[in-house]
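In what follows, chain A forms one complex with chain B and a second complex with chain C.
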Partner chain A sequence: MSERILEIKDLRVSFDTYAGEVQAVRGVSLHVDKGEVLAIVGESGCGKSVTAQTVMKLNPMPPARIVSGEIRLGEHDIVAATDKEMQAIRGREVSMIFQDPMTCMNPTMQVGKQIVEAIKLHRKLSPEEAKAEAIRCLKQVNIPNPEERAKQYPHEFSGGMRQRAMIAMALSCDPKLLIADEPTTALDVTIQAQIMDLLAELKDQISTAIILITHDLGVVAGSADRVAVMYAGKVVETGSTQDIFYRNAHPYTQALLKSLPSPDATKREPLVSIPGTPPDLLSPPKGCGFAARCKHCMKICQEEYPPEFTLGEGHTASCWLLHPDCPGAAERGEKNDG
Partner chain B sequence: MTAKTGDILVQADGVCKYFKVSGGRVLHAVENVSLTIRRGETLGLVGESGCGKSTLGRTLMGIYAPTKGKLTFDGREMDLHNKKERFNFSKKAQIVFQDPYASLDPRMTVASIIEEGMVIHNMYDDARRRERVLELLETVGLNREHANRFPHEFSGGQRQRIGIARALAIEPEFIVCDEPISALDVSIQAQIINLLHNLQNDLGLTYLFIAHDLNIVKYISDRIAVMYLGSVVELASSAELYDHTLHPYSKALLSAVPIPDPEMEAAKHRQIISGDVPSPINKPKGCAFSSRCPLACDKCRESAPKLQEIRPGHFAACHLVEPEKDDV
Partner chain C sequence: MLRYVLKRIGYAVLTLFFLITIVFFMMRALPGDPFIGDKTPSPTTMANMRAKYGLDKPVTVQYLMYLGNVLRGDLGTSLTYERPVVDIVKSAFAVSADLGIRALIFAVIIGVLLGAVAAIKRGGPMDTFSMVVAMIGVSVPSFILGALLQYFLALKLNQAVGHQVLAVQGWGNFKQTVLPAFALGLGSLATVSRLMRTSMLDVLNQDYIKTARAKGLSRQKILWRHAVRNAIMPVVTIMGPTTAAVLTGTFVIESIFNIPGLGKYFSMSVKDLDFTMIGGTTIFYGALLIVCTLIVDLLYGFIDPRVKLEG
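This part shows the complex of A and B:
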């Protein structure tokens, strides 16, 4: 078995707001192994970003609060880590790239200097060496004329270039884990293709594990090894990319895939839409979060959250339909096998 | 009006829209675009950000007056510099905006947002207007009780429905949908697409559908226009564009779209174009795409190609594709 980089067990994160406690993450368990890409998909507000930010403890606490759970990153216990320990972990062990590179870089500082700053914080290098290292990082992400570009400010970079510079900065200290939070959502498809190719290339070169947070199932299909589907603060289904796309078992995963127009069809049949909206996590439903929108909803779905059923090696889903006592479960099982 | 002209609802002839920017420079947002939109059809408009697709959409529905060129609506030439004509035009053409959060006045109730257009155009009396607001809410899948609420009480998908109700209120013939779903979640996108589609069937609307999600555009459009740096580079029916892509930019754009299917995604040949879109202030000489085109030759860098019919109903602007002459 390959080296385990990150292990999250039953993580619960809440935000204390004046309207009450928002249970953003309600018991998430995940793991990432060395050199693999785990995609977390889900709608806005499903807790995917909060989960990832908690790994780096980027959520201001308060209002955020880790209610319970465990996060192990290599030998570090993140939940127990102090602010000072976190400063050593961030950037060195795990780093993050964000959706909007414009708001994540200092607009008044040269791009090269910002990378040098990160390098100096974690590695004992002389100023000259750090500068040379920053330029090497920019070259690694295929930025032309890195020497010139290092002296420019973020506003002189285009959107795609800025995202490349962000990746260079994130990888400057060889982290074990890179969290990419919607890295291409703000970019055009042609630039998105460039950035996704770059990430795949870098992953092979430096063997970092990547958590890719996205809502674009197309991006997932092209780049992820494993997928975790989140809904209303919980992981509802997880498995290999093949499992999720071809042998999916959770009605939410199925509905999500069906709501996309199929790539080879222009026929004017209506898209399968999911009625309603996700539940309010101020007062999360007692049973399955998806019950209110699910066309297979049964009585038990509204009363009790389903346990996790194992469908294959590393493929699990939480849905009462998979329970052996559920009518029709056997048929569905056969269909999944075939 | 003869049936012949009635067939074409919107016609643009050499429409240009320039903006003056600081330093006396001129931004060529839309350059010499000629196209037609037939009554009852959906024309998809795709391209990267900054290619002028929103500007073209707004020019075609009269928010901007074209700098040059001629815009014909329903067989009548529009003089959009004339205030009165512009006002009358706004009764026939409406827009649904991208951002359902920014496009609804937070201090107006849903009813007054939807009613506003009818008040401005002096349609109906008060009682009938109230009634119509409630009807419209139901048409777009909301409840009558929602009329007195404020926009902040709604989710993104519901707000987009309010935006659609507002556009429908004055019974327009032509609606520009400017990225109406790109701010929404996948599961909500399908709801809005189905709603727009049903409304088109019921009310006989004509859409210009602007988006950058090519899978959605392919699904909803009858014909698709691909824009690059202010110009239409390819125009064809939806299936034709995908099956017989001609322009190198369209090829690159289509191959960059990720397919939500791992096996198809792995099998497809991706053609990545390097670099970024040049600035519309200093456009490259010759073909606008020549600076990124893998096939560019000297001719492309010298003179700009014209949009010409390569196959029946399939237009492309590229020196490297020649019209099929011996087509039977």
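This part shows the complex of A and C:
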């Protein structure tokens, strides 16, 4: 069952700016298996989008630079791949949908043509076959009247329809992996739900693995198999969706979950937020990135980055509180259980 | 679409009417007399001349007569050349249009390419080069550029090579068209290339360029299919004013290069107080600009599907 689609090992990505080297991704290891949905969560600037875009080498290089690490996509070595090899991989092996469907389609090209363009690039089809295939793709994402819709321009589509068309375009060449970079952030709530349902439905049909990048834990709970929580360019905790929601161990994960507004709160409680701001990645802290905002912070947290502790099968977290020598580690583990 | 065009034509007629009226009364307000040249003719000759051209009647009557004639397509007889203005405009504009179109094609094609390449190779030597060209084009007036070109590329170059490479002045063969077209077009080329560069930089940062990359398109295809087409929009918008700039630019260039075009007649007619010629050329240029702008607006709706032309 678990055929590995993507394996990222100790990836470090930096941006060279005038102010200095911004270490956006500081040693991320992830993997995605066939047909599963991995959610990467974290607040803005934690490196989740940079990690995902590096898989496709979509970050402009320079200023972006892969400092070290390994990315294997199927049999391809992404880090070593040339521009030309990447062109064959993009769209075919891995494709991506973006945050704002309003701006990510070419405004002067018919929607159908934009999909045909992708199909022609990776599949040996005649122009007529490619056109028919594009219409089939639009139908697959539940766009009514796909024949007519294909001839329309993006501005004639609503936001939700455009995101559907983007998904149709991304899946038109049967990629092994689909990266959805905050696919619902720019959409209103009902459309969000429709798009997430669509992704779930398609995933079952075509067995494409999905990396879902989001800061919306509600979306994660409904659709992800596994979750990686990122903070300040590192994965701080990873595990199954159950692990993250019910057996979480990292204070950042816990704080994130606490800041979720509860729909059944009757009292007029203020919304919970995490005080402080993430560290500046121009000069990242030498210890734990979350130390400055963590209420359990200890002396060692500011001096040395914690190692990864295994809490269960596939469930790991990097926090000094989990160290066996840390007083109360055992009870905390129990308390978070259930 | 049809409604839109009809409405625009209505506005055009109105604009022309105001243009004719203003020009007519401003001409009459100019000091001097068209029949007084180096020496003053006798009072009887003057009276006869005035009667012949209808200048003895009250100004309002003259104005109404003029309007009536213009409506019939008669722009009168030139006071200086004693030929119908329509004929002069016809023959002279052929030359001006030839020069203008050459300059415009040169300015737009080279300008778009230079601007696009500058944006793609941002910060590189091509970018610097295009910015230098743009700066020269914007800041050096065409008559200085024309004179410098004549001196170095025609006179000095021909002397150095020993035979004629480019002609200093005149009109008729290709050698004679190169320098005036270059001098006339460089200013517009500068404007076009700067605009194209800015617009291209903006487009290259758009999300749909990232989408195109994510599809696996090659760099060339992304640039030509997705970027240039969207980036060219602002250039199309300024094509109307650019055409105007090139056409008005011909006044000076035609004098420097001794080209028998309409611009020369236009500037001479003001000096000679040739009322009918001033009126005729102004109306002609006015109509030409209005038509150019209309064509550009229609073209815009064609290139950008988001633009709906509604009346």
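Details
We take it that the second predicted complex is superposed on the first by the 329 of 338 C-alpha atoms of A that agree within 3 Å, B and C clash if a C-alpha of one lies under 4 Å from a C-alpha of the other, contacts with A are read in each partner's own complex, and residues count from 1 in each chain.
We adopt the following convention: a contact is a pair of C-beta atoms (placed from the backbone, for glycine too) under 8 Å apart; a residue touches a chain by one contact, two chains touch by 3 or more.
All of these numbers come straight from a predicted model, not from anything done at the bench.
For the composite obtained by overlaying on chain A, chain B and chain C can both be accommodated side by side without a clash. When the two complexes are overlaid on their common chain A, residue A:288 makes contact with neither chain B nor chain C. Contact with chain C, but none with chain B, is seen for A:107 once the two complexes are overlaid on the shared chain. In the superposition on chain A, A:189 contacts chain B only, with no contact to chain C. Shared-chain residue A:273: touches chain B; no touch with chain C. By the touch criterion defined above, A:92 reaches chain C but does not reach chain B.
Contact with neither chain B nor chain C is seen for A:66 once the two complexes are overlaid on the shared chain. Counting residues of chain A touched by each partner, chain B versus chain C, the larger count belongs to B.
In the superposition on chain A, A:118 contacts chain C only, with no contact to chain B.
After superposition on chain A, the vertex angle at the CA centre of chain A, spanning the CA centres of chain B and chain C, is 70 degrees to the nearest 10. Of the two partner chains, chain C is the only one touched by A:58; chain B is not.
Once the two complexes are overlaid on the shared chain, A:32 sits clear of chain B and of chain C alike. Fitting both structures onto chain A leaves chain B and chain C with a minimum C-alpha separation of 8 Å.
Partner chain C is touched in their complex by these residues of chain A: 56, 58, 83, 86-92, 95-96, 98, 100, 103-109, 117-118, 121-122, 153, 155, 166, 169-170. Residues 206-208, 210-219, 225-226, 229-230, 303-306 of chain C are the ones touching chain A in the complex. Contact residues of chain A toward chain B in the complex are 43-44, 158-161, 188-194, 196-197, 215-222, 241-242, 245-246, 255-257, 259-261, 263, 265-266, 268, 270-275, 277.
Residues of chain B touching chain A in their complex: 48-49, 155, 157-158, 185-191, 193-194, 197-198, 212, 214-216, 218-219, 238-239, 242, 252-253, 255-262, 264-266, 270, 272-274, 276-277.
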